[in-house]
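All chains are identified by letter, namely A, B, C and D, in their written order; residue positions are counted from 1 within each chain.
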Amino acid sequence: MVVVTEPGATEKQIEEIIRVLHEHGFDVHRSTGVRQTVLGAIGVQPDFDHRQIQLLPGVAEVIRITDPYKLASRAFQKEGTVVKVGSAEIGGHDVVIMAGPCSVESEKQIFAIAEHVAKSGARVLRGGAFKPRTSPYSFQGLGEEGLKLLRSAADAFGLKVITEVMDRSQIGLVERYSDVLQVGARNMQNFTFLKELGKASKPVMLKRGLSATIEEWLMSAEYILSGGNMQVILCERGIRTFETATRNTMDIGAIPVIKKKSHLPIVADPSHGIGIRDKVIPMARAAVAAGADGLLIEVHNDPDHAKSDGAQSLFPDQFSEMMAEVRIIAQAIGRRVP
Amino acid sequence: MVVVTEPGATEKQIEEIIRVLHEHGFDVHRSTGVRQTVLGAIGVQPDFDHRQIQLLPGVAEVIRITDPYKLASRAFQKEGTVVKVGSAEIGGHDVVIMAGPCSVESEKQIFAIAEHVAKSGARVLRGGAFKPRTSPYSFQGLGEEGLKLLRSAADAFGLKVITEVMDRSQIGLVERYSDVLQVGARNMQNFTFLKELGKASKPVMLKRGLSATIEEWLMSAEYILSGGNMQVILCERGIRTFETATRNTMDIGAIPVIKKKSHLPIVADPSHGIGIRDKVIPMARAAVAAGADGLLIEVHNDPDHAKSDGAQSLFPDQFSEMMAEVRIIAQAIGRRVP
Amino acid sequence: MVVVTEPGATEKQIEEIIRVLHEHGFDVHRSTGVRQTVLGAIGVQPDFDHRQIQLLPGVAEVIRITDPYKLASRAFQKEGTVVKVGSAEIGGHDVVIMAGPCSVESEKQIFAIAEHVAKSGARVLRGGAFKPRTSPYSFQGLGEEGLKLLRSAADAFGLKVITEVMDRSQIGLVERYSDVLQVGARNMQNFTFLKELGKASKPVMLKRGLSATIEEWLMSAEYILSGGNMQVILCERGIRTFETATRNTMDIGAIPVIKKKSHLPIVADPSHGIGIRDKVIPMARAAVAAGADGLLIEVHNDPDHAKSDGAQSLFPDQFSEMMAEVRIIAQAIGRRVP
Amino acid sequence: MVVVTEPGATEKQIEEIIRVLHEHGFDVHRSTGVRQTVLGAIGVQPDFDHRQIQLLPGVAEVIRITDPYKLASRAFQKEGTVVKVGSAEIGGHDVVIMAGPCSVESEKQIFAIAEHVAKSGARVLRGGAFKPRTSPYSFQGLGEEGLKLLRSAADAFGLKVITEVMDRSQIGLVERYSDVLQVGARNMQNFTFLKELGKASKPVMLKRGLSATIEEWLMSAEYILSGGNMQVILCERGIRTFETATRNTMDIGAIPVIKKKSHLPIVADPSHGIGIRDKVIPMARAAVAAGADGLLIEVHNDPDHAKSDGAQSLFPDQFSEMMAEVRIIAQAIGRRVP
């Protein structure tokens, strides 16, 4: 932490600031400038609220100088983490494509989609069994039956499974059927839940909250990592801004930022990021071009009759077209879509 | 729903749009203008995703015309809901002050604060027993022991209790000790949790999510109301914007907007809304002036050594000063702070 | 500026960082911690781009420690600036009310409104002669004719005049008719214009840009102050956020923040801040309660037929009602609305 | 415009709403539903403020159904506009690269950079002669001398010129030296300036304002188009959000959105969009992958000593590397970087 004093701060005020910093266990280095004094407070006090110092008389500004996360940082681990999902390696050389419907609706639906996406090169099947909806009056998912269908469809076509787990009580259940546990954007700061996921036996994909900064997102990953589960994948899915022409604003810039700040792999979900079918493909291409380690894509065999998010789901043929394009883009930057 | 066609839409396209609307159960009224055709689609299909229509050829725009919430709306219930907490009436003529520390830390602390705020005119004691923190390394609260201390301190000084409940599994426990169940901003869209709160026996105070629109906030209230619990209080506590000079941007404008759109009472939490002690009082005054039905204020007997949020907690004397000021402001608009 | 190194930074990297800082004219104080080194770079280099250091190998973070504005800061001038507009003192003990129509439309209109607002206690008449509109097809104002009408209506009822000046070429013209030059939100960062205003003979009221941080706003004030015009009034008029229920989100918190950071007076414009008539009064009350030095209110004698912004203009009777309420609120905090 | 009544609206209220709509020149079509009545108001009243209707008793919601811009819309012109800059065609099959320093600093600098970018495939040379800076104490550009240097460097290496024009008074001067007139983000809603640009003899590149919606951006383009200048290029350069890890949030999604809503070409400026050198290349790739018609890239031969924005300028070698990558990406989507 660095404390900068006001131009007119008195010696007495500065000494009081130093006293308080010492009281909280910091070592203090003082640099006296012509107009202002700078105090470097060295030491790690994870619980310390820097606003405590900001309110002292004579203080102009207090600046936190260490990232509040540790295990998630690139400084902690230089090489990128590779999360293995079957033979797919998320964070490795390949760009891993995960695809499937928003919700599992029926055996026929999920098998048809699984077959198509597998043939086109996807490695992981996505699909929701529990649907958290903004409206209490909307379709809420098939539950465990949906998990079973998802698993058998994936197995039938050599795919792995990713699906959302909604709260603590569901972790055991979802672990039985899924290879990756997906945490939704609305749960990104559900800390008691994140702690439990730290003890889960499967990798976790953590979606970015709608208004979460990159730092907060990494703090949430830290909750999982500090519980002992080192298999965490981040997923950019759009943030909320003033723009209303798109459902969300997809923060493509977060991809290179995460690559620099953290060793964790990052994938992109353009279906939610842009929210309307006819713009999903350009955004998928952009994410791969920016360096994403994977994509999460909504595909439906009959999107016009989908029970949820049909409007942002690709038709099977569009998915194949997208795969052909991202294959070339991956090569342009020295990677591969298998 | 209203569907507007593109200027050059063909008759065939328009007929197809009408066919799809009929298929989804809507009655369609057609207005043919010189440049564009407008289709009014009448009927209530709560599960319908209007983007399904937006993607049809010839469609320029699709506009949802009914608010997605019903029980929470002023149209559903003309007179304002009054939530009784002991003899205090939130949403009635009085502006109800709820005050106390961020976290319950010890018997001595909570009794000292309870005594002071009761004497100054507060009616409800606030205090956290379970603390969700951004960092996994921070103080996480006293748990049930904190609830017991809170209850006995409130009882000792004639106050009622409000405290946060973190997830489904805690509802029964917190109901035993608290008069109002507080739902934190990060849980505003935790829908499985909200459903359970719809069956709770105590009123619920629902904080606005950091990036929630007013409409989404009312949708979340709808989840609780539709479960049968009609005792819901809304709480504005600041939203996230680009401004970094304050912890959050307190959306004072939400107070008159809620008053018009909904019958539910709305209170304000300036401590979180502005996030730094020396600006809490002006924001508390502003909230009362704008018509808030109550205030939630963090007060600490020794904020410099508080275990959480000390920097935004008022000193006891400041709280008394604030009470004196909001008393006059309440009178200016025909209300009363007891 | 403070430079924090990465945990694994080598001695060689640190020396190179110090060399570059010296090259740019900074004095460097080094604090070596266990995990990281902190370099305090002392010296004022207004032109220096701190991202230059951020890109050096071994650097974790670079933090600017001095506010980039000087003349606008409270540190530069302890007592608040008082801007005199006739006998009204903006920034003094009184809360000064400025009111009038969005646009000057006719002699009859402006005289009727001026008479009413003067009788109710307003001190300054507002009204636009040049109207910048989002659409090129909308009413664009009466021009100089509007300025003349505004001046004569104000003189007839003992009021002073505030009106917007749109660009450099209009400054001389508007100075002839107006007592305060208003700079609109869209011009807040039109720097060549601000420089010219630094030489103007009249006070300037600088509206906050729609997406301007408080720091940028003060930087824009600095442009005017550094040109020699020390009579600057700030005006909060709402910022842009994700919320769509209101035209803008009025940042009431900016009022106490500005009061702490700067000596310049700050007024509020709730008409633009909330954007719809039925919520202007609560927001006006909130702004006064939060400590605003004045209000800018749109009033129209026939808002249903106003040529611009009728929907956010108060009826004359509502204006009188608002005045009665803010009078009591001002007293509650030791101020006065005359 | 569509007007939706409140559930309990009386017949008398509805008739009054219809009367007011007729008074303003609208044809009204009425659809009476079980709970609510929908009124379609047909007619084009560019000056009409829909909030006038929103305030009438019995009105629940008013929805504008036509885009407020016309000449800029894809409905007005089906085929995309191609802006010719010498032999380069912006909006055509090729992706046109525009590159150069933030500011023109010296003959040596601009010639060195021009030579390098021309060799690597750029078609247009960028560089600022007038620099609007947030701080009044920063470098403000070389002025006309800079324009001359820019022109001669471009001519020497077969490039065209793009440079910023700051206000109305500079248009004639900049037209003499530049092939494209660039309008900065801060001027996007400087309407008197936009009107003048409508009469300019050169194409205009209009940067998106920091907090401008896509609709407002197209409205600003409309100002130029309606003045008679049909050669308008849009430029996405990042918007302001709550995220502070990057200078701006580059809204890559705006690229496909603009492509659908408008016939105007759109280019991307990743240098400003992300704001730090090491992330410019991934963002440039993403923009091309998403369908941008061109790129605007800051390149400097000695960025560590650049007078402005050095930290976001590429080294010449990085620029060549970027060109190689975007060439392959352009091919992946059926386009070409020459």
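Descriptive notes on the structure:
Methods note: a contact is a pair of C-beta atoms (placed from the backbone, for glycine too) under 8 Å apart; a residue touches a chain by one contact, two chains touch by 3 or more.
These figures come from a predicted structure and were not determined experimentally.
When the C-beta pairs in contact are tallied for A-C and for A-D, the bigger tally goes to A-D.
Farthest chain from chain C, judged by C-alpha centroids: A. Separating the centre of chain C from that of chain D, both taken as means of CA atoms, is a distance of 26 Å. Computed from the mean C-alpha positions, the centre of chain A lies at a distance of 38 Å from the centre of chain C.
Note on chain placement: the centre of chain A and the centre of chain D lie 30 Å apart, centres being C-alpha means.
Across the assembly, chain B contributes 211, 240-242, 244, 278 as residues in contact with two or more other chains.
Those residues of chain A that touch chain C in the shared complex are 2, 4, 6-8, 27, 29, 31, 33-36, 38, 40, 42-44, 60-61, 63, 65-67, 75, 240-242, 244. On the side of chain A, the complex with chain D involves touching residues 211, 213-215, 239, 241-246, 249-257, 260-261, 273-274, 278-279, 282-283, 285-291, 325, 328-329, 331-333.
Note for the complex: chain D touches chain C at residues 20, 46-47, 49, 51-52, 54-55, 68, 132-139, 166-169, 186-187, 189-193, 195, 209-211, 216, 219, 222-223, 226, 240, 275-278, 304, 307-312.
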